[in-house]
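Both complexes shown next keep chain A, but they swap its partner, so chain B is in the first and chain C is in the second.
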Partner chain A sequence: MAPDLKKALDELYETDGIEACILYRIDGTPIALRTPDRRTLMDIMQWMENEIKYVMGHIERDRLEDVIFTFKEHKIAFHPSSKSTVLATILNPDAHQQLTSLEISRASTKIKEAII
Partner chain B sequence: MIFTNSSEDQTLKMKSIVSFSNKRNPKEASKEVIEDIRKRLNFEPDLALFYATQKYNGNYQEILDRFGEEFGDLPQVGASIDGMIYEEDIRTDGMALVLCHDPEARINVKGASVKGALKTADKLADKMSCKEGAIILHFPIVHVPGFRDGFEFYARGAYYSQRCKGKEVEAQKEYADKFSRYCDKNNIFYPAPTILNKFAVKTNYEIPIIGINVLHTQMKVDSPNIFCNFKDIQGGIAALTIEKEDINIIYDDIFSNKGTNIEETRNIVGNEFKVLKEFDAVFEKNVLISLDGKPPVEAVESFVHISKNGEGEIVEKFEKGSFEVWSPYFLIFFDDRSNRIFHVGIRAFYPFELFPFFVDISSFSEKVWLARLRAFTKLSDFISPLYTLEERERFKLFTIDVGSISAFGERTYRLKKEINNLAKENYFGILTAPISAYLPPKYQRRAYMSEIEESTFFSSAGTSSCIEI
Partner chain C sequence: MMIAGVMEETTDERGHMEEKRLKTGVYGLDAIVGGGFRENTVNVILGSSGAGKTTLAMQYLLYGLNRGESAVYFSLEMAEKYIVRECMQMGWTEIEDHIKTGSLKIIHKHGEEVLSISRELSTDLLSIVEDTAEPGSRIVIDPLTHLTFLGDKTHRTYLSEVFNGLRELGTSLVLLEEPPFPASTNGEIFTPMYLADSVVHLQSLGFGERYNRTLRIIKHRGSRHGEGLYPISIQRGLGVVAEVSEAEVEGITPKTEYQDQFEDAKARVREEDGDLKDILIGRLEVLQRNWTSDEDPASVLEKFLDTEKMV
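What follows is the complex of A and B.
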């Protein structure tokens, strides 16, 4: 993995309120992930993998910058980070949405730069 | 991560080095910063600035102790803030240590933290002396007390709200005055213009004073925090004095110039804001009692949606650090005699009916507008001081209203390129609540709408500054 890409994910994972971050290929294959314990988030990650194509379709069709799902115990944000990758972030529901979204946007930009 | 600001001209400009970490663990974060600084520091520092986001709430002193062991002989100032900006990056999570070197400047940091917000300001102002240069104050505009004091605040608020019900206006004002004094005595509200004026008097109205007003967009109990000489003085006030010739101060706000008289100003405000309703207000000092005879939030609720929280929900949100303070709706007050305005965001902040805030509006008139900003404010307006920089080689310490993030969301991240193009190098920016300023006339570049008292500037949205050293 490119060092800049690894660094971007590491820094995002250290952000307050972020529980996990996963870089997916647009077909739903995880490229890199930062999670505390994969078992505890297994169900949600499975759901995310299944959603990627659907979410990317919406982002492209409706020209969205990101898509956020809010559940009782988590928020899940999908940010396209390049033409072929999506950055998915699992957030604590009490995370500061505006400040964390800036950090996610930063990581997404850094990943794009690292991939290009 | 580290970035060294350097300048070719080594003689006149303040030099700086910025080190940043956002490691979750405060020990690891401070270790990373110290190790980076050790590797890169190539000058004898004269000043340390330390700013951190709320993720380190509860651990600030531990971090300051580690920095104190490493750099303890330096004057140090800082605060808990919502974000920071350094070479082509904007971070809203983490901590930054900035070390500065300027042999031509006389630099010192003094602080005070006693019972009573205004007493704290008096105590610190008494210690001040500054013949030239600038004073940069750090203080909370609202300090959220701990749980025990927080419950007392709610109980007092509920008590005085109850006592006001059905009473004559004069009696209501007496209770509001008592509540205002209680809030001051317990360091809850720091009225920025009043505080700046105390320092302006002590420096014969000759020195520009910037008030870095600290308030998080989502608040926790026992926050925000002020740092002074490697101590977390919590809700105290810290003053950084930089005595040096030719320090340049740039202040601006996002609004048009005010008019030459109050009617003209009202017209301009009417264009900049979408006015939803005019109320007749009753208030005393910094406590709003009623709008058209109703409790303020209840009166406003008829015109805009405001979600209400009970005391239990408010306490829970403060505990989790998810209590939001930004509001798109404002109450606009007019001082007819001196052609000045002040606006304050309104939402259901309190589980009681009185509505206290952080400015004494005694001189303002009773006609109050409920309004929201029109959509044509530009993101770049929030960094306008950077468009008038005089010397790019100097160290630039600037502030941006964190409300820009609330208004523009993650698009704010795009500012980083523009900021880097304008400031080039040797800069550090702070994302926090709108700043306040006392400016001697030569620093007043236009008829700012945010002039709240003579030569004193403050607004609850869109003020910013840049100090070139």
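What follows is the complex of A and C.
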């Protein structure tokens, strides 16, 4: 993985309230992920794996800036990071919405620079 | 004839002999497939049109040919002159010399004439390759797709015979066309993927950006391999170049920091009575040599000892 891409994900992952971040290619293939442990968040990641193509279809078709799903304990944000990638972030209930939103946008910009 | 550096019989840091590998000649690929393709195996290169399958296959052949090996290219699409033309376009001008000296033999059959695989065809294909290939040759079949169309239940058996025959003859790359719509596939790509020793998936999605062209190892029997999605490019003069970082190579390199835990586990096995001791210690040694995870093996070792009733 390109160092600049790795750095962007590492920095986002260090943000308070962000439990995991996964960069998907537009066909639903995961490119890179940062999670605390492969076993934790497994259910959510499996759900994301199943939904990713559908969500990306909506983002593409309706030109959405991002899509957020709220679960009992977690929020999942899908944010297009380039024309071929989408950044998915799993947030815990204590996450500061504005701060994480800002950090996701910042990371998306860096990913875009690294991907193009 | 084989010269040093083409095929490697590697040893790990503890001196254990590992299986012979054939270097792929694809820049960056050896590092994520444990050093190369395993000797006498059938390796499927899966990809849609334009993904880079033929380029990768020619790279594989030329890498060996340029180092004294022999090779057979069984083409079910392009005639020899077009294969040569493509190589010349890439800057691989030495291909003409290899054909002249006979170290590279190109066999061309029309795929449409052999649409469905049958016992006769599998026998024919093998006998042609057998007559042509020297022992230990690099072999390419490009593409296998025609042979798997219209297949019935028996085609799996015939395909299995072809693959087993190829294993006897050398180390093969079998190129497989990926259908544009996965739903349209029956058994034509799954059966060869199932039967193959390894599957390398090339993709070219056509939207640009770094992850437009990628390579992924779907399986590599009997070998550790990288599990990532690796960007690739096709460079004139070189061919397929995979972008693999040092950190990604490190991720599939066996770790040595947990040796004490493996030694403790082996000591616990030795303390037990019974006939299984040697078998179980053997398993632990294999696990120890192949532990690539950064995670502590304690939990896995506990499960092993518990299941084998050593706790």
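Annotations
Here is the rule we use: the second predicted complex is superposed on the first by the 116 of 116 C-alpha atoms of A that agree within 3 Å, B and C clash if a C-alpha of one lies under 4 Å from a C-alpha of the other, contacts with A are read in each partner's own complex, and residues count from 1 in each chain.
Definition applied: a contact is a pair of C-beta atoms (placed from the backbone, for glycine too) under 8 Å apart; a residue touches a chain by one contact, two chains touch by 3 or more.
Predicted, not measured: the structure shown is a model, and the values here were computed from it.
Partners chain B and chain C fit side by side in the overlay (superposition on chain A). Once the two complexes are laid over each other on the shared chain, residue contacts for A:Thr15 go to chain B alone; chain C is not touched. Seen from the CA centre of chain A, the centres of chain B and chain C span an angle of about 150°, rounded to a multiple of 10. When the two structures are aligned on the shared chain, A:Arg25 is found in touch with chain C, with no touch to chain B. By the touch criterion defined above, A:Asp94 lies against chain B but remains apart from chain C after alignment on the C-alpha atoms of chain A. In the overlay built on the shared chain, the residue A:Ala114 is in contact with chain C alone; chain B does not reach it. Superposed on chain A, the gap between chain B and chain C at their nearest CA atoms measures out to 20 angstrom in whole units. Those residues of chain A that touch chain B in the shared complex are 11, 14-16, 65-66, 94, 96, 98-106, 109.
Those residues of chain B that touch chain A in the shared complex are 22-24, 53-55, 82-83, 89-94, 217-218, 320-322, 405-406, 409-410, 412-413. Residues of chain A touching chain C in their complex: 1-3, 5-6, 25-27, 29-32, 82-85, 114-116. On the side of chain C, the complex with chain A involves touching residues 205, 207-212, 214, 216, 228-229, 231, 243, 245, 247-248.
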